[in-house]
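Each of the next two complexes has subunit A plus one other chain: subunit B in the first, subunit C in the second.
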Partner chain A sequence: MNERNERIHGVACTFRKVSDVFHAAEKVRDAGWKNWDVHTPFPIHGMDQAMGLPRSPVPRLTLLGGVTGFITGCLLTWYMNSYDYPLIVGGKPYWSVIFPFPVLYECTILFAAFGTFFGQFIFNRLPRHNHPLFELPNFARVSDDTFMIVLEARDPQFHLDESRNFLQSLGGQEITVIRD
Partner chain B sequence: MSTSSPHALTAHWKKFLAVGVVALAVVWYFAFAGVQHHDNRQALSVLVGSLFWAAVLIGMLMLTMITRVFDAGWAPLIRRNWELLIAGLPVVILVGIVPLAFLPDFRHAVWYWTDGSHVLPSGHEVGHDPILIAKSWFLNESFFLVRIALYVGVFGLLAALLRRWSFAQDTDRTAGHTHRLHAVSAVGIPLGAVTLTMLAFDCLMALSYHWFSTMYGVWFFALSIRLALAVTVILTYKLSNGGWLDGLLNQAHRHVLGCLMLAFTVFWAYISFSQYFLIYTANIPEETFWYNIREFDAATGLKNEWWGVSMYLIFGFFFLPFLSLLFYRTKIVAGRLLAVAWIILVGGIVDLWFNAIPRQVYEKSAPEGFVVTPFLTSSLFLDLLAIVGFGGIVFALFLRGAARQETIPVHDPRILESINYHE
Partner chain C sequence: MAHAHDSSSERPAILDKVRPAELPRSPLILNNRGFHWITDKVCGIVEEETPLWWKIMFGVALFVASFTFIGLGYLVATGTGTWGLRSPVGWGWAIVNFVFWVGIGHAGTLISAILCLLRQKWRTSINRAAEAMTIFAVCCAGLFPLFHVGRVWFGWWLLPLPNQNGIWPQFRSPLEWDVFAVSTYFTVSTLFWYMGMIPDLGTIRDRATTWWRKAFYSVLAMGWRGGNRQWSNFEMAYLLLAGLSTPLVLSVHTIVSFDFAVSNVPGWHTTIFPPYFVAGAIFSGFAMVLTLMLPLRAIYRLHDVINQYHIDNMCKIILATGTMVGYAYATEFFIAAYSGNSFEKFAFVNRAFGQYAWAYWIMVSCNVITPQLFWFKKVRENHSLVWIICLFVNVGMWFERFVITITSLANDYLPSSWGYYSPTIVDIFTFFGTFGFFSVLFLLFVRFLPLLPMAEVKMVAPQADPHAH
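Up next is the complex of A and B:
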């Protein structure tokens, strides 16, 4: 069993209507699946809830980046103006939180943007050059007029025949086994 | 309609009117008594109360026009409440700022540049002040009164047009009104921006007419939008619990209002800090005195009461709402958003105090020749009473309007999109 599963990526099935794929997604979610996905040609509002997806963890890295940037800006201006080469500019103190504030918030914004940009790469597992789904002959149609649900073999619930029957019971049209 | 209908609360308009009239009578009485005794602090209560609601309603007027121009899909459900409220905008200026400006005793007490015999900290009289003489092409009494009248006219006209065609759409169901309101808003946004800038210059910046800041109008705009959003969140919360938004206001509406509150909290901080930062960096005495009197005593150099107020603005009016609103759940959980809205509302009053109250008052015996108006006085209660009074008038008009007009813009082309708005 395990040996066969290693060569199988998962089972895909297509839907023709938004409402069909939406309700099918709700049933997959309720069945407790973890490793699965829905592919659609356009965003479907409410699909996040229908799939039971949690909110993106990217904002946490944004916050982390922002805090890091603020501290970096503080250290940068303090080290240069007050420690390494103390310099009086315009009668202002060597270091205070006021005069370098543009530097501090620009660093905050820059590092927060880094956190967001690289954070989405990390959580989307990018860059990735190929994917078994791309080998599917009808996969191009999910960017045109077809919706698709893919149950992945790495999910503990996955069992080739049962999963295939499950998708059939959801009203799927074409059911295809995807091989790695 | 049965008494348990969502519109039952419109019957309370007379109570709001009674509270407003009684409170304003008390405030005007104290202001009158104060002016008789050469004490201008109570007259400033009228100014603070009037400007607080003017700021709220100017913010709502601008939000109404901005959401019109951008065809915001979420807006119609909430915008109708703004349209009902902005009826009060010309009224709060008419019963607050207009009498202060047009009655000479009050005008001299509040805007001392209009009083030629007023003694400046330097010991000289205003009438012989070269700075005022240089600015007199703008700061002269007749032009000042014309401008005050213009503020009532421009805001009154914009509010009337935005209300009229929006209400007309409820009955005649034509989409043409939406296009017409588009055009009004496209013209109204720059017109409103210039008017609110001049209002802030005349009513607040001119309180210490030696001082000047080109960012002042933008600061007032940022404050207005923040206060407008805070009042909107509080009002829509009430209306969704037993009012006409019951069952209609959803999580996505709160989310969009929360996002706007976050954006304008950052914007307010950016503008307020930039104004401070440029003056701090340039370090020119004719600009820095405005911040100096808000930080320390000129003779001893020790921090004064206003320093505490400044710190409250930084931590209580910026960091607290900013850090709270960063979190998604603050924006969607009704109770949390409501708490942040109240924090912003209180902070807005403190910001008005910070801008309106502290001034250099000539005092011959003081080491530097002047004392600064103190923060902690019993007049703070009069300020709050003035805010209650003008608020009573605003909400009496709001509820009266709600009884006469549709409280949901039933034939707005985007009303379904607005009711079914999702993130």
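Up next is the complex of A and C:
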């Protein structure tokens, strides 16, 4: 990368049809790009494979949340009804996993949902309101009916002119340079 | 589909001779509408100048909502004696209304979660509004138990916090389970609803022309950029939340039914309650979805995205769940007769022929008989009639909770302590007002948030298939 590229975020091109952007993405993947993305108004079926993306890591946080929730529920009910203020109800044991089970169940779901919800934000690096893409005049249509492939400057393969030509060869229209 | 043909060479030759018929699928989006049309249609609802009907409805809704606040204000200032509760009926309209509103919410979660897991693509057009309905219905539901505690300023005793004597809540009580179930339900539904809305909020942000609109929707959209790396995590999170909401929605009404079933009151102490309550909840919820969506569809001319196929499906779910509810009524009677328990037998004979027989027969006619009309295509295609039947279902399901709660308490074991419960004007005000409260929230949703999930509707359009020709 030369000095000129330091102020450049990447190059973008737009597509009008789902099948065009889909096949273009396959070619970018096959060319061995690492730092690039396909911006679409809706998730395209099969695009993860077309881009060669690994499975999303969100489920790990869901599992972590669920396990935390179950343990929290156990500790909560045990501490309150058995340790801090033992309650004698019908001569039953102070605590068992059975009687507060609905509470444990709901805590598991609640914490798993928090793990999923915040996991989505964490792995997507959101919220972020200052992304260079927002400066592109035609980016607004990407949330409507346009599809956009962005090749980022931090990819080792990136070279402004060659990447531009590459996007052109994929059939992309409106090729623009994104500045940081 | 290109992939299907590739493998045809390995298929047995006989399959080509007896080629199965291509079954036509009802299109989900009529008139071959494009992506931009969908964006314009949905964003247009938020972007247009506030329509007159909205202002009028909002005023009416605020006025009706004030009844709840007058009722609750009077209750708090005077005491729960102003409700019609007295021995032997200690659970009156408050519990009936609570179960009614929580039940309404269930259709939203069914549509957004269970139908998502079952890959029912038709859900996309209605899921956003149905989820909003869920959240607002749970808001209405929550008011009743909160004020039913009597001294509402001690409502925090329900939470896992020690009171001034260092005593904690008792987790053996189904009422405490309910606190966890309903608050989890509310929280998870809100997370699910909001997360699903982020891409659409991004679309509204990108179209915004005024600075305040841009600022408002930018904050809500969290900087969504629609990159496929984001979609990949988003879709996974969405699927997981659907997976988590599915056991949640089944557990919430199950636990609500435990409020009754765990007690020893004849007519309540039955194992059929959880499935019966869940079926009833979905039944009433779908009726409410249609009650709300049919007028909105007409006002905003959404006929291409909410078409006859969607309405047919919802009517059929109402028919199925209504029939299940009817079957549950019959099973209750059979088990009461078969149990050999005289109290249980009496409880059911008393429901149908006792002092609340009028309520029982309103319930049966609204819940079991009226939805049977949905067997007929002509009825399902007559939307005014569908709307009226849905109103009947709403009324019937309220009466179901009334019958369950009141008849068992008013006539339990000891005839000398029987009584007759009637609500007071305060009860009626409080309940009537919740329809206004619900409408205020729903109208604000319609005006300021994307009514239809644009991204999901686009996803089921035929041109969204990357292998389409």
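Here, the second predicted complex is superposed on the first by the 173 of 180 C-alpha atoms of A that agree within 3 Å, B and C clash if a C-alpha of one lies under 4 Å from a C-alpha of the other, contacts with A are read in each partner's own complex, and residues count from 1 in each chain.
Simple rule for what comes next: a contact is a pair of C-beta atoms (placed from the backbone, for glycine too) under 8 Å apart; a residue touches a chain by one contact, two chains touch by 3 or more.
Just so we're clear, the structure is a prediction, and the values are computed from it rather than from any experiment.
J.: Put subunit B and subunit C onto subunit A via the superposition and say whether they clash or fit.
T.: Aligned through their shared chain, the two binders clash on subunit A.
J.: Just checking: does A:91 make contact with subunit B only, subunit C only, both, or neither of them? Give me first, second, both or neither.
T.: So A:91 only meets subunit B here.
J.: For A:99, using the defined touch cut-off, is the partner it touches subunit B, subunit C, both, or neither? Pick first, second, both or neither.
T.: In the superposition, A:99 touches subunit B and subunit C alike.
J.: Which partner chains sit in contact with A:45 here, subunit B, subunit C, both or neither? Use first/second/both/neither.
T.: After superposing on A, A:45 lies in contact with both subunit B and subunit C.
J.: Does subunit B (first) or subunit C (second) touch A:123, or do both, or does neither?
T.: Touch partner of A:123: subunit C, not subunit B.
J.: So in the superposed three-chain picture, is A:59 touching just subunit B, just subunit C, both, or none of them (first/second/both/neither)?
T.: both
J.: Under the contact rule defined above, give the subunit A residues that sit at the interface with subunit B and also at the interface with subunit C.
T.: Overlap of subunit B and subunit C footprints on subunit A: residues 45-46, 55, 59, 99, 102.
J.: Which residues, counting only subunit A, touch subunit B once they are in their complex?
T.: 45-46, 55, 59, 63, 90-92, 98-99, 101-102
J.: Inside the complex, what are the residues of subunit C that reach subunit A?
T.: Touching subunit A from subunit C are residues 34-36, 39, 160, 162, 166-172, 174, 176-177, 180-181, 184, 187-188, 191-192, 195, 199, 202-203, 205-207, 218, 222-237, 240-241, 244-245, 247-248, 251, 255, 258, 454-456, 458-459, 463-468.
J.: What residues on subunit B touch subunit A, complex-wise?
T.: Per the stated touch rule, the residues are 273, 277, 280-281, 283, 326, 328, 422.
J.: Can you check the complex and tell me which residues of subunit A touch subunit C?
T.: Going by the criterion above, the answer is residues 17-19, 22-23, 25, 37-48, 50-51, 53, 55-59, 62, 76-77, 80-81, 84-85, 87, 89, 99-100, 102-103, 105-107, 109-110, 112-114, 116-117, 119-121, 123-124, 126-131, 133-134, 139-145, 150.
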